[in-house]
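Order of writing sets the chain letters: A, B, C, D, E and F. Residues in each chain are counted from 1.
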Amino acid sequence: MMSPVIFIFSLLLFSCHAAVQDFCVADLTAPESPAGYACKKPAKVTVADFVYSGLGVAGNTSNIIKAAVTPAFAMQFPGVNGLGISLVRLDLAPGGVVPFHTHPGGSEVLLVIQGAITAAFVSSANNVYLKTLKKGDIMVFPQGLLHFQVNAGGTPAIAYASFSSASPGLQILDYVLFANNLPTPLVAATTFLDIAQIKKLKGVLGGTG
Amino acid sequence: MMSPVIFIFSLLLFSCHAAVQDFCVADLTAPESPAGYACKKPAKVTVADFVYSGLGVAGNTSNIIKAAVTPAFAMQFPGVNGLGISLVRLDLAPGGVVPFHTHPGGSEVLLVIQGAITAAFVSSANNVYLKTLKKGDIMVFPQGLLHFQVNAGGTPAIAYASFSSASPGLQILDYVLFANNLPTPLVAATTFLDIAQIKKLKGVLGGTG
Amino acid sequence: MMSPVIFIFSLLLFSCHAAVQDFCVADLTAPESPAGYACKKPAKVTVADFVYSGLGVAGNTSNIIKAAVTPAFAMQFPGVNGLGISLVRLDLAPGGVVPFHTHPGGSEVLLVIQGAITAAFVSSANNVYLKTLKKGDIMVFPQGLLHFQVNAGGTPAIAYASFSSASPGLQILDYVLFANNLPTPLVAATTFLDIAQIKKLKGVLGGTG
Amino acid sequence: MMSPVIFIFSLLLFSCHAAVQDFCVADLTAPESPAGYACKKPAKVTVADFVYSGLGVAGNTSNIIKAAVTPAFAMQFPGVNGLGISLVRLDLAPGGVVPFHTHPGGSEVLLVIQGAITAAFVSSANNVYLKTLKKGDIMVFPQGLLHFQVNAGGTPAIAYASFSSASPGLQILDYVLFANNLPTPLVAATTFLDIAQIKKLKGVLGGTG
Amino acid sequence: MMSPVIFIFSLLLFSCHAAVQDFCVADLTAPESPAGYACKKPAKVTVADFVYSGLGVAGNTSNIIKAAVTPAFAMQFPGVNGLGISLVRLDLAPGGVVPFHTHPGGSEVLLVIQGAITAAFVSSANNVYLKTLKKGDIMVFPQGLLHFQVNAGGTPAIAYASFSSASPGLQILDYVLFANNLPTPLVAATTFLDIAQIKKLKGVLGGTG
Amino acid sequence: MMSPVIFIFSLLLFSCHAAVQDFCVADLTAPESPAGYACKKPAKVTVADFVYSGLGVAGNTSNIIKAAVTPAFAMQFPGVNGLGISLVRLDLAPGGVVPFHTHPGGSEVLLVIQGAITAAFVSSANNVYLKTLKKGDIMVFPQGLLHFQVNAGGTPAIAYASFSSASPGLQILDYVLFANNLPTPLVAATTFLDIAQIKKLKGVLGGTG
């Protein structure tokens, strides 16, 4: 009978060679490609790259929207790079709101862990899909569509959102309109909002122009 | 020497078998799949399926936005189904505006054919990328990001937009906020707009709630 | 000034045309394609298609593995069809185990909601990535790699797993080896397990041959 | 201790539900989608759908090119539908030639099993990559580039080509130019070939116009 | 009431982190990946990266084909890198021809802006799809198939072609056959063209061998 | 008539620009991306990058499994990088076995060149697809599913496997369970195997813990 050592050596050698594309833990210091971050060398990867504890801590909701969004995208959680998945924790104090926003690069499934949340998205055909979710409910928001979440009860709500991308992006409508240097007349012309309304919210959100 | 007829027959037979996946002209009457419309039978496909004249005619800009958007997506132009590309014609009368909108399913390149157009998109990092384009200029709007186009001169402008999807979708911000039955208090809570402003624009755009 | 009605009509018409590819709610009665289930007609889609309450209920862990896996894949939750995302609820009683398994079609992120779970995956290079996760921790399991989860404490544990596919599949190692009609000699030859061991587990799990 | 039967039942039920997307054996009678053929119902799938014997038989090389191409694309071998892979058998008698051609939908790796084959592809930069392959050699032809294979010895050659698509297509240059109804003046204008040359080859290959 | 400053700071911080995958402007000096060029650092990206004026200038048609092809692929227009879209300007003097060619990496939609153009592609099944396009017409050429365009009138024609790839490639048939060092006997064997014809065109186009 | 030199110069210039994305020969020394290895500079690519002779040599089957697996993945054969295809040679001495394994990143088609091979895969629904293949037969193993191959005759068998990925990976079940440092109690808990069985095979295969 042949030696097991030979078997072990030859197959291990082979599988070592093949292993590098099982995963691609993000090396945040190297140049990105259209497919995501460059890969950390496999030899330096440890289990710590695949585990993240940052979503176990409540976000700080002491702000104007009474809400906190804590991401575990590839930038925060390098282990998901290239795998087409990521998570976010959402804390909503009573009265808390995640204002209208989109994720340009991925679809989302929201899971309510505590409390109740009213959520909606609007389709290209301008249909509103609106629902109040209770603990344990999940709701899907298809890629790129405007949607929001608001606390639907008098108690703090917690939810986790999963995305079909390791870096789905986040574009908050109010920020697009009122928190940058886009000139007020252009905002007015492209939204039909009144100048006074625009100036008021630019004041609140720090926009100029 | 062997007969050419044998060669012709055997290879034609082969290529007939292989041909069906060169293209997938949309059959709009059959159920769709996540990858697009079902394919028309290859035997019924003619050159007319691959040519479209609908973008050669100026759109009617006699409307509130003084603009017209004429699509050649897979629904209007079945030949692009499954090929990851489509076009739109844009007519902008003086003062014309394509209000803030997104395409949830694709990136866009705008090509100005006549006149001048000021266009901008905003990134997830809230940077504004704003430019006035003259005839012959092209500008790219990455997938899913809010953007707009406005006529930048005193003469009619014409542009063509190309998309990286046969069905990129179109979500117009004002329609999302003011032209459906999303309740005014929810719009207010998720945009910070004043109730009066919302009611005013719901009146203009036909929204209820 | 132009009538708002004209604006509303022309743009709504346009966006209706473009809307069908925002999402593709599964029609489970129609033939599937390689990209997923066929799409339900958009006119019949309601918010109920995008919300699922089946993960809010604890699974029954009164079984040999003291665990329950409750899926919200496209088959159970048609709204995720074609969107590259789905969820599963995992209940682990004390001593509960989700035995070695793979998801052939997607990567997974596990989120611990209650209790503690020891989880691991093994790479192609045969490295073990093993960690005990506490409440709030997340861990990623790259696509197609063998992995497991076991309750790491004396109390019931709950977790949710997100997948980068609407139908990631599930292949349980013990089922592959011991719960079908694969002949015992072939199982032995291809696993090096002893015949007696195989026969014992075939007896427990209902395998024949 | 809990009954194994409960465990078996509950998990089998689960995996049955999840199983349909492991594969998508082509149903050639149903409408195609851009992603491939519709799927045969899983309950009707047998091992025969995943095995094909058609490539074990030598093709008939008694023709003008002294070559035979026997495909195992999704149309002939429905088990590969949706899996991004297919094969072809190539028989080349002495003097045999597979004339210049492309596969519009996939890359190819050629494996020589018997004899010697001279093969080449030309890149977009117009570099020629030419090599005579002996038994056991493999050569890759990147997607969509024109390439050919000719018998390089005095004995019959056999090769198998693998493709990165279940339906890569096949476009033979001579057929494009000389075996259809494309008018001779257009062929001349778009190839710079002499009219006499075109008419001669149209005669051989059955082209009209 | 909470301070707006807190809100602004926390959300901006978040969106900055998430922003990097909105786009991937090509850094032409870094190594490429299979998904395209490496990304320029987001902090160095300006609107100039997303706008290109090179297609506004007529190409020089004083050449043997009386035609000019001016690309705006990722190499010339780095803003499209990774976005699956690019453009080309086509100028055709009277009698101008874009000879038979393919784009190995993408489908094309041609838009005629001025004049008339006769275009055709041939499918794997050897069907010819031929049409004379007038101003405003669009025609789609599915990925990888041989096609051509010729000026169909007595006046200069202008067209723009959009592609479903940022780097679709371009392979011109005459260049493949007659403008490199592929030996004449091999060209003859793999095309059935006469030796004299090949030598004549090698002379015109600079081929050797 | 215009000078051919002008034509040649202008079009070659153009095609040089466009050529870089025809292929992406792996540069194994640069950082990987999720889409594969970085690309070697096109100017340094030669035909040798696209040809590989390593599969023409019989693997050494003098080992415990009486089998050898010789890969031509992107790591060994850089020309396939980014092209979604690769090959493996399989040598099976009489009694030879490729034990239960998966390829996490791709589907496989097995082609028997010599001898007879019994192969099987198991689906998520726990159906066994088992067949003895003779010379010339092909069998497809869908992505990520556990499968095996064993010599079915008294003579050496040779087969080639093609994959739908340039780096499909390889995970051998026995290695996962018995050839690393995964603690024996965890292996037992997650496989139901007896402790004695596990310790025995850990001894053979070099596992610890």
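Criterion: a contact is a pair of C-beta atoms (placed from the backbone, for glycine too) under 8 Å apart; a residue touches a chain by one contact, two chains touch by 3 or more.
Everything numeric in this text was worked out from a predicted model, so none of it was measured.
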| item | value |
| --- | --- |
| Labels of chains that are neighbours to chain D and to chain E | B, F |
| Chain F reached from chain C - shortest hop count over touching chains | 1 |
| Most remote chain, CA-based centroid, reference being chain D | A |
| Rigid-body rotation angle, chain D and chain C, from Cα fit (steps of 5°) | 120 |
| Chain whose mean Cα position lies farthest from chain C | E |
| Distance from the mean Cα position of chain D to that of chain A, given in whole angstrom | 41 |
| Centre-to-centre distance between chain B and chain A (centres being mean Cα positions), rounded to whole Å | 26 |
| Centroid spacing, where centroids are CA-atom means, of chain B and chain E in whole angstrom | 20 |
| Multi-partner residues of chain A (at least 2 other chains) | 12, 15, 18-19, 22, 33-36, 83, 104-105, 123-124, 126-127, 130, 142-143, 145, 169-171, 175, 179, 204 |
| Touching pairs among all chains present in the structure | A-B, A-C, A-E, A-F, B-C, B-D, B-E, C-D, C-F, D-E, D-F, E-F |
| Chain C to chain D touching residues, read off their complex | 31-36, 60, 62-66, 68-69, 71, 73, 75-76, 104-105, 165, 167-172, 175, 179, 204-206 |
| Footprint of chain A on chain E - complex, ascending | 1-8, 10-12, 14-15, 17-22, 24, 27, 30, 33-39, 81-83 |
| Of all residues in chain E, those that touch chain D in their complex | 97-100, 102-105, 118, 120, 122-124, 126-128, 130, 142-146, 148, 150, 169-182, 186, 189-194, 197, 200-201, 204 |
| Residues of chain D defined as touching chain F within the complex | 12, 15-16, 18-19, 22-23, 42, 46-47, 50-53, 55-57, 72, 77, 79-80, 83-87, 106-109, 111, 113, 121, 123-127, 129-131, 133-143, 145, 160, 162-164 |
